[in-house]
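Chain nomenclature is as follows: A, B, C, D and E, assigned in order of appearance, with residue numbering initiated at 1 for each chain independently.
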Amino acid sequence: MNKPLSDGAGSDISTWQAFCATLKRDLVIAFKRKNDLLNPIMFFLIVVSLFPLGISPDPVELSKVSAGVVWVSALLASMLSLDNLYRADYEDGSLEQLLLSPQPLYFLVLAKNIAHWLISGLPVVVLSPLLAYMLYLPSEAYWTLVLTLMIGTPVLSLFGSIGVALTVGLGSRGLILAVIVLPLSTPVLIIGAKAVTDVMFGLPVGSHFALLGAILALALTMAPLASAAALRISVN
Amino acid sequence: MNKPLSDGAGSDISTWQAFCATLKRDLVIAFKRKNDLLNPIMFFLIVVSLFPLGISPDPVELSKVSAGVVWVSALLASMLSLDNLYRADYEDGSLEQLLLSPQPLYFLVLAKNIAHWLISGLPVVVLSPLLAYMLYLPSEAYWTLVLTLMIGTPVLSLFGSIGVALTVGLGSRGLILAVIVLPLSTPVLIIGAKAVTDVMFGLPVGSHFALLGAILALALTMAPLASAAALRISVN
Amino acid sequence: MHTNLHNPDSGFSSLLQASALFCERDERVLFSGLDLTVSAGELVQIKGSNGSGKTTLLRILCGLNEDYEGDILWKGESLSEERENFLSSMIYIGHRVGVNRILTPRENLRWSASLHAPIDDNRIVAALGRLGLRAYEDIPCRNLSAGQTQRVALSRLLISPACLWILDEPFTTLDVHGVKHLESLLSEHVNAGGAVILTTHHALNVSCQWRALDLDSRRAAA
Amino acid sequence: MHTNLHNPDSGFSSLLQASALFCERDERVLFSGLDLTVSAGELVQIKGSNGSGKTTLLRILCGLNEDYEGDILWKGESLSEERENFLSSMIYIGHRVGVNRILTPRENLRWSASLHAPIDDNRIVAALGRLGLRAYEDIPCRNLSAGQTQRVALSRLLISPACLWILDEPFTTLDVHGVKHLESLLSEHVNAGGAVILTTHHALNVSCQWRALDLDSRRAAA
Amino acid sequence: MWLWFSKLGSPRWFYELSNKWLPWLYVAMMVLMSVGLLWALLFVPEDYQQGQTIRIMYVHVPVASISLACFPLMAVAGTITLVWKMKLADMVAKSVAPIGAWFTGLALASGAIWGDQIWGTWWAWDARLTSLLIQFFLFIGVIALRSAIESQDAAAKACAILAIVGAINVPIIKYSVEWWNTLHQPASDFSMDPVAPNPPEVWVPLLIMISAVYVFFVIALILRTRNEILQRERRSQWVIDLVSREKSV
């Protein structure tokens, strides 16, 4: 058998390679399933269109609530797809393999979170101007909406990941997740929706963006650590 | 071995017993998990409170959208818990056992759907007046809201079951469900929310209730058949 | 009611009869022209290397998989017409054993039984005890080991009135005693006039009439 | 780079050393005061009846389960300090084998490899080929049979540079050829200076130094 | 120092120490509670604006202030659990969660009753109310997680993580909500800070009530923790001795 039997530790290069391989793997899985790619968009579209149906088709009414509705839908779309993040890996044992990798778990978890955002968050961001149009959002607020979603949706993925990681070993699905993840996402939702509304009233929004950015930075550095710790516990 | 080796078919009594046993089993599972009981309520509460956060805390604004928000939240709460309906049974092989029962599948599926409604729909109905209050729904519309939810949520469970049954064999979770189930539930949502809004304007709502009742009757007779057929295909 | 399995009225000693079965998956023909008859009082072992189609065959025979060509008869009648009769006298345990991880062994068995005909609790406890699960009746199945979970599934055999057992690798994860015990259960059932179709990669050691069907050698011959 | 497993610098021929392990689950003591040393060049089989704690022991040894008391040393150093070194020279395959059902065998292996050290595609194809999966490299794993999936997992052993293999019932669902093949792989690895800890209920037939640890007899003695 | 620390971590030590504390705490609570309640209900003058409803304040403010303290307490206990693996910290964390949920619920309810009288509505999407509601959800989340995970150790660590993440989050929520609200609904017809302009007749009994409820909280926490200790250590020798002693008495 001519294979090198190593007993050394991983280097920086191999950490980077493991990061890329994990990111690519999750994207490939999503592409193969196809549904995973289409569904966040469809879900987002449907929820947003439920509102005119459930509330009132009146443009004036709708334009007042449109920022909130788009943001709430983005949050729900991101949350619904969270279940895919670790569940399948837990069930087929891939998660154990991930935990037993010599590479720092922080980066592997981060890779999975980024993949999740690319699949569920980014399409929502791209699609949001269309929905804003459908809900009669004043056009001067489009850019703010897109930008807040761009900063806010990664936070949803990162925080959501903690919730899934904590519950992945449990029997029940979906709902416990919601109970844990939603409170964590509230600030992002409030700030994001507020920024859009403020722009509609011609108010300055710099501080909102600063705050969102700060939350994103916090989430990027801390959330994967919390997720990693939670995964170790869940697999135990 | 002194056990009777039967080769006869099931009687009506044993169909009834299988129905009860299945209903009881699903309720027992939910009770054991505890979360399953608490979570629909919590989820409903949280989603309902997301809207004021995303939209505006202004009572006048809120009271206009309250009927729609409660209905959309009820729909989402029912939908999120749908995943529990067949997924675990599929994965551990219990679903195969269900399909191989000599009892008519219609009744077994119906039992599972009723259990799902008792766990996820009924609490929402019971809780809805409180949420309506928090969202400033005019008090003359409370009864209409409760009644429409009472008729509407079983429909959501029954239709939702078709969606889960169709997708239970697929790798991806959550979202495809939303994409299939939401469009099926839209009519119920529209009629329910419309009835509540009409009451607020003092309009008659008899025809809405007649329509909801008709949909429920249709769903009760047809949906379990469709779910049963879908399950057979998914397990194939 | 203790019915005789060799039902004298029907005049059929063959229970399940499959003829000219053809199945392909992913454009690979698994088997074609396969004939198989299983009679009361015999055990048939389906052999074959990994991926030769054993699981597929069993799922076709019990009606879970309908992607095949050919005929399957139950006591001489077409399976699709006799479905209800067939289902009430057949039990299948597959790779995924059908044990809920939240419920206890007792609750799992109670539900399994009720799908066919409800039985009382003593029989359930006795069945679990016979499979070495005494004192584990009321522990959630998620806390059981792999082999213990398999035993929960197998105890369904003891409380089921079915005369045809279809078992896909039932020996998986069983320890040495468990294997012996299951072998004696199989022999007992077959000798009492039941029938068994099973797959296993292990050298079977039963004291009853048994024969093997080797999917590999069939293919080699073709 | 072809490192010698008997690292002359470290002076330790024992790789993994567990002492005074104690573990209980659901208030049942699984083992207490258990000592186990695994050295380079030997295979240790953990034996025991269903539910005796084999899986639990393996998961403790590889660091997945932390609900235990006692010490585990890797090459003489505490496992918690040497974690990274330990993980890069150990491979674990459990009851749940870690094969994604949507990806193909090739993609699965590529990812598994990258978690340790990426390797090129030819080695992956060769490894799959050696385990009888030639022509199955690019079929999604959900379309593979139970035994084929197990083989995908096992081919990780061929591409991994790890010197310690920890395998939980690796023979499950393998056919007769598969079992022989795996046995020869194990012998090869051990004779090349690697170490293996495994559980199985099957009578092992390997041509290398091996010994068994029986959890049942330990408990009986206690 | 280290010795003291590990001793503090010993459940047995805590159990025996709390044995000595409890009687004093009971007495303190009785005195404070009766003085505070009598004073608040009988002697505090009616408010010129709020009338008799001012008396709700003596329940509402103490309860609300404790409910805010519970989450940080749980997070601190969680941190100790994660870092020093101290068993007692987790027992405290586990005991705080339901108490915190109850107090939060009571604060919500008492505020709602009061609000119904004063604002004419029990609920408004106001900053404090909203952030407290979300904190209530977080408590429920922690309790649900605890009950869902079977392994005690795993549950301890998982809840610790959630408590810490939640504790970082609660101030963020509070801040963001506050600032979201001030624009849409300026704090107008009610002031949350009426202590300063009020005479000592009003705030002295309030202080007494706050201390009474704090003592009550500490007692509840100790009792729950003791319960938890007995539950978890039921197989250790000292608990067995204790139980047999109690039985023989």
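Convention: a residue touches a chain if its C-beta (ideal position, glycine included) is under 8 Å from a C-beta of that chain, and two chains touch if they have at least 3 such contacts.
All values derive from a computational prediction rather than experimental measurement.
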Subject >> Centroid-based (C-alpha) most distant chain relative to chain A >> reply: C
Subject >> Most distant chain from chain E, judged by the mean position of its C-alpha atoms >> reply: C
Subject >> A-E or A-D - the one linked by more C-beta pairs in contact >> reply: A-D
Subject >> Distance between chain centroids, defined by C-alpha means - chain C, chain D (Å) >> reply: 32
**OP:** Provide the C-alpha centroid distance between chain B and chain D, rounded to the nearest whole angstrom.
**Re:** 45
Original post:
How big is the gap, in whole Å, between where the Cα atoms of chain B centre and where those of chain C centre?
Top reply: 35
Original post:
What are the residue numbers in chain D that touch two or more other chains?
Top reply: 66-67, 95, 101-102
Subject >> Sites on chain B at which at least two other chains make contact >> reply: 33, 35, 38-39, 42, 46, 53, 56, 88, 91, 171
Subject >> chain E, residues touching no fewer than two other chains >> reply: 134, 137, 140-141, 144, 148, 151, 153-154, 177, 180
Original post:
Inside the complex, what are the residues of chain B that reach chain A?
Top reply: 33, 35-36, 38-40, 42-43, 46-47, 50-51, 53-56, 61, 64-65, 67-69, 71-72, 75-76, 80-81, 83-84, 87-88, 91, 170-176, 178-179, 182-183, 186, 189-190, 193, 197
Original post:
Mind pulling up the chain E residues that touch chain B in the complex?
Top reply: 121-126, 130, 133-134, 137, 140-141, 144, 147-148, 177, 180-181, 184-185
Subject >> Interfacial residue positions of chain E with respect to chain D in the complex >> reply: 151, 153-154, 235
**OP:** Enumerate the contact residues on chain A facing chain E in the complex.
**Re:** 159, 162, 166-167, 169-170, 172, 176, 179-180, 182-184, 186-187, 190-191, 194, 198, 203, 211, 215, 218, 222, 226, 229-230, 233-234, 236
**OP:** Note which residues of chain C are touching chain B in the complex, please.
**Re:** 1-3, 5, 7, 62-67, 84-85, 87-92, 94-103, 107, 110-112, 114-118, 140, 158-159, 161-163, 188-189, 192-194
